[in-house]
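Letters A, B, C and D name the chains as they come in the text, with residue numbers starting at 1 for each one.
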Amino acid sequence: MTEIVSLRPLLAVGAGLAVVLPILLSGRRPALREGWTFLAGAVQLGAALSMLPAALAGAAHVSPALPLLPGMPLQFRADPLGLLFLTLSSILWLATSSYSVGYLRSLGLKHQTGYFAAFAAAVAAAAGVALAANLLTFLIAYEVLTLATWPLVVHKRTSGVLGSGRSYLAYTLIAGQLLLGAVVWAGTLAPGAQFTPGGFLAGAASDGVLRVLFVLLLVGVGSKAAVFPLHGWLPAAMVAPTPVSALLHAVAVVKAGAFGVLRLTGWVFGPDLMHDLGLSLPLALLAAGTILMASLRALGEDHFKRRLAYSTISQLSYIVLGGAIGTPLALAGAAFHIVAHGFLKITLFFCAGSVYAATGREHISQLGGLGRAMPFTFAAFGVGALGMAGVPLLPGFISKWNLALGALDDHQVWVVAVLVLSGLLNLAYYLPILRVAVFEPGDRRDVGEPSAWLVAPPVFAALAAIVLGLNPDAGARFWSLAESAAQSVAAHAPEFLTGGLP
Amino acid sequence: MRDVLPGLLVALPLVGAALVPLLAALFRRTTRAAALALHAAIFAAALGLFWSAAVAGPIRYAVGGWPGPWGIELWFDGLSTLIAVLVAGMACFASFAQTFGPDPDRTAPGSTPLREGLLRGALLLLVGGLLGIVATRDVFNLFVFLEISSLAAYTLVASGGGRSTVAAFRYLLAGTAAGSLYLFGVGFLYALTGTLNMDDLAARLPSVEADAALTVAVVLIAVGLSIKAALFPLHGWLPDTYVYTPTPAAGFIAAVMAKVSAYALLRLLGEVLAGTDAGAVVLEIMIWLGVAGVVAGGVLAVAQRAVTRMLAWSSISAMGMILIGVGMGSALAITGALFHMAAHALAKGCLFFGAGGIRALEDGDEVDRWAGLGSRAPWTLAALTVAGLSMIGIPPTAGFFSKYYLLSASITAGGPAGIAAFAAIILSSLLATVYFLRVLEAAWFRAPAEAERASSAAPAGPVLPRPLALPVVGLALLIVLTGIFARPFERHVLPDWETGTARIAAEAP
Amino acid sequence: MTTYAFAAVLFTLGIAGMALLPNLLRKLLAMNVMQVAVIVFFVSLAFKDGATVPILGQGGDPQAAEFMNPLPHTLMLTAIVVSVSTTGLALGLLVRIRSRFETLNERQLLDKLR
Amino acid sequence: MGAPRHGGTRMRWLLGAAAFPALFLGLVLGMAELPEFGDPGSPASTHVSPRFIEDAAAETGAANMVTAVLADYRGYDTLGETAVIFAAGLGCLVILAAAGGRPNPPAPGMSHPFGSVILDTATRILVPVVLLFAVYVLIHGHISPGGGFQGGVLFGSGLIMMRLVWGPAHEGGTHRPDVTAFGPSLRGSLILACAGILGYAGIGLAAMAFGGEFLNYGTLPLGSDPAHVRELATLGIEAAVFLTVAGTVGVLFDTISIGMRESGVPLGSDRGPRE
């Protein structure tokens, strides 16, 4: 892969960081303050799109390396997978920001300045995770992401909320320290620890050492991805304001964890080494278990946002599953699922937030009648729900289809069964929400659509999802990115191209 | 410049230590400007030496014109000048903070120009003692300057009155025992080799055949300096001393004092005595004691309710980490140890200035007193947050990088000691997470209790007076800059160290 | 050897006293004993059979064997001064502690500090 | 204060019973391998020290080799040593005396009645002799045992003698007309001590100004014979040490006596002749 040294990756990562201070300083002028956010989002998106053609042509924009540690610089590289995540997060950041404006104002929440500043820092950190060229840079961005989201999670500042924040930090920071240890270890075994398609650790140490290292790294990134049994913090973190939950799930934290798992399996160890070490199957089983377990938990959950949270746990394990299988199609499906889940889940959260902002209701059983009072919101919700379940013509179908094909390439028939079963479970816990909202009677006096700030984002996200479902390569060319990321990994493992494994 | 700066670096603090009290006694006016100018000059000299040693190689300086081993030599390589810059730089902040009035213990005598001058003189003396230790190439001269720094430190500790005098006395007993043990060890070395010069010692020690005597010498020196460096389990003096010392001095003492002793340990055990069998064994033991200190310090820090006492225990943990690096002795480990000295000095200085000031102004030291400070003084608290994150080891603060080096060194070293060190460092980060985030959470996200708010004299506005706020914010900036831009510094510190040890290894038969 | 051992006895007694005696003033005195031990040790290193004090008489060409080793004496002059200074400061501290807490007994002191 | 350490007393004795014999044994075992006491062939006697014995007079002009090493070869140590003394004085001032910070009363001279006739007379006779002897010890340090430290301590003890008999110059920062004093006030003592350090370091810095290393007296423009120049400079730094030591002894005595008076702790057997 040819490398183009340029400042664009730095621009993409730095845009969010650069506006943190201006946001803090313009706290008394909300319009200016939000202006900074949109400016940074636009800059980030522009930088991401400007790097697209090169990435699809097999080249990559690389930032100048800042030497931090011997052989391990701070460096950003815009490879296809990173660009996929970066583009997604900047689009969704813009959507979330406009939604946040409406949400915070309509609920009159306090600490709005700190909220927007932390939001910008969190998205910048997510961009850093996306473009990290090596494990050290990844780790740095990862830790910054943890800390930047903490104020967002505990935004309400009550003691219960602070307790949830503590549990969030306990999971993510402890995992971060394990990740630190693992990164040091990997850096000692393979100097530089630079993400390489197909992995860089093969032959660097004995099998036993590599297995231990894999477990450490997996715990490090998996806790953010909420892989069972490290998922405990995610439902607890639902105490955050809804736009924050949307950010955590669709853009930044959980998604960064899932992205990290993909990086780990495809770019640190590589499918080859994973198979040789016998790690693929256990990881796939773990992911499948998480998918089913979380779906079952979602069925029994009446709290609207917590049901969405369990859904996220379940959906993100598709990505882990794809990384574990490691065939090109599975990887492409997993990478595309980052995008698909991003658009769909943010739609769902926006809808949940709009309901709360308009009515103050948080539980599914209270939704009766709202479907007719808030037609746009619930139409968008319907799109998201069906997409999650993998209904064709929506993006969730594309990722799951490719995952299934990839699994069959690897002769893992059981995966298809898991996918089908989970799709059914998805329908089982999403459709009742629609049923309650549309068909059950309820008190809908004085209830209507909230302000346009709150309606436009979910509708936009739902429309985008439909477009992506019809043409996954539309706009930001997400499918091409996912495919070329998967091909780059596969290019280093030739036997997978044919799909044949012993 | 290379002919003048070494002399100035050691002479200026002593001149200042006499000049500032003299001015105060003669004119009975504040001596702030004079003291600040002196500290700035010392810092400039240290920086100049650092730069000069980096560009043109280490400097050997024969005080009085008498070359070693007859006279006393000073030695400025990347290592010693780095520590000198650290000490002199922290002293600038401490001198600025000395303008801060209230002592933590209300029984302390009030401030007058004369008393202020005396305290500023004591700080200059402390700096002079520490710089003398850093610069010297003579084992007895090291003892003399160790005692200067100790006496000046006892003075600063006791200046809080009340409880601080008891803490100072206990510190004095421990410090004097440490000095005497060290001096006894020097006596053994002198009896065996007839020399006090470090280079000469390193050259003559390999031909010494008295193993038992040499072992006694190494152990005495190691134990003596380990007491000063607060190596577990010889740390008993540290918590009370750090807690009861008045804030400006505490920021300085907690930041650099134990570290200079760790530097002396590194010089003597890692370089001069490295060729002896006993030295190797002692270094190995030091790793294990460091591991124990890292864990014990962290656990006890979690158990504290008062913020400054928590910081004191976390210092014991940090010193354990530094001594792990000293004990391992590889290039990576030494880098980690040096880096951690710098990172921890900056962070601990920042935190003690901040926590001490808050303790004095809020009239209490418990974590609860910090509730709501974040909205009252966001900038100060942001700075303290950076320092806390550096203590935990969150990138991109300096503390992350030092931990990275030490972890890397542990992995490379391997063996039971390496694995134990690796695990202990990770564990200490987790413990630090627990005890620092507790404070940060209170400061940022908890509202003060209503009763507190009613009694609080200043509900809005800065929490810290400017003499403390400026060092706190300045140090926080330095923590981040050090983390990101330390590679160039490390690049010339290490080669000096490696050629130094290689030279000594080559001279051994 | 006997003189060396004498230093060892003094040093052990001194450091034991510092650790075990209950009264801070006694601890201080024990500390002095410990410091004297080191001084005794160094000065005994300077001794040379058949040599005299290291002060040059009238003229002549001094030979190393004729005079005691002056270096340890010099060092110990410094050590004595250090010891005196430390003791002076410690006494000052004790006066202060005594006036504030009205006791120098370590146990009672710790009780009051609690 | 932290956790109480009471329960540990017995434990401490037990630990001590094990640790201190071990320390003693270790020391003795190590000492057994040292060169024999008085061995003229020991490293200490043959390696570095011969130069101090054989060349000191020619190189530094001092017949007293201890003085040569102290003030010249290892003059930097001695500067540090002077700083240690100064630090003790500074410490006692901070801890005990600088509370009031009010100006000390001017010494009223010898116009008031003294403690008793015998004491008064003895002191009147002794003090001048002691002070004079102090100066002699200072100046003669080159060729006989003596020097700045010894002279300074003698001078300081002369001052203490006067304080003991004629009362302190200073009581808790307040002027008491019924108490008489002679000699420098506390502030004067401090100024003396500071001046000594400045003088010492000043000579060292002057050497640097003339192109030598710090404390390299040989470069001072005091004559053509380097040994003689060094001898003169050595006298200068001995005088500086003398000032610091005398001043600090005064500071230590005054501050500790102030502290004792304030605290009500008996100063010796009684509280002085005037009370």
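Methods note: a contact is a pair of C-beta atoms (placed from the backbone, for glycine too) under 8 Å apart; a residue touches a chain by one contact, two chains touch by 3 or more.
Everything numeric in this text was worked out from a predicted model, so none of it was measured.
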item: Chain closest to the middle, measuring from C-alpha centroids that were averaged per chain; value: B
item: Centroid spacing, where centroids are CA-atom means, of chain A and chain D in whole angstrom; value: 73
item: Gap in Å, rounded to a whole number, between the CA centres of chain C and chain A; value: 69
item: Computed distance of Cα centres, chain D from chain C, in Å; value: 15
item: Distance between the centres, which are taken as Cα means, of chain D and chain B, whole angstrom; value: 29
item: Residues of chain C touching at least two other chains; value: 11, 15, 45, 72, 75, 78, 82, 85-86, 89, 93, 96, 100, 113
item: Sites on chain D at which at least two other chains make contact; value: 1, 27, 31-32, 34, 42, 44-46, 48-49, 52, 74, 77, 80-81, 84, 87-88, 91, 95
item: Multi-partner residues of chain B (each touching 2 or more other chains); value: 140, 144, 147, 151, 154-155, 158, 163, 165, 184, 190-191
item: All pairs of touching chains, each written as two labels joined by a dash; value: A-B, B-C, B-D, C-D
item: Chain C-touching residues of chain B, taken from the complex the two chains share; value: 107, 140, 143-144, 147, 150-151, 154-155, 158, 161-163, 165-166, 168-169, 172-173, 176-177, 179-180, 183-184, 187, 190-191
item: Chain B-touching residues of chain C, taken from the complex the two chains share; value: 11, 15, 18, 24, 27-28, 31, 34-35, 37-38, 41-42, 45, 72, 75, 78-79, 82, 85-86, 89-90, 93-94, 96-97, 100-101, 109, 113
item: Footprint of chain C on chain D - complex, ascending; value: 1, 4-6, 9, 12-13, 16, 20-21, 23-24, 27-28, 31-32, 34, 36-40, 42, 44-46, 48-50, 52-54, 56-57, 63-66, 68-70, 74, 77-78, 80-81, 84-85, 87-89, 91-92, 95-96, 143-145, 149, 248, 252, 255-256, 259-260, 262-265
item: Complex contacts: residues of chain C adjacent to chain D; value: 1-5, 7-9, 11-12, 15-16, 19-20, 44-51, 53-56, 61-67, 69-75, 77-78, 81-82, 84-86, 88-89, 91-93, 95-96, 98-100, 107, 110-111, 113-114
item: Of all residues in chain D, those that touch chain B in their complex; value: 1-2, 26-27, 29-35, 42-49, 51-52, 72-77, 79-81, 83-84, 86-88, 90-91, 93-95, 98-101, 103, 187, 190-191, 193-198, 201-202, 204-205, 208, 212-219
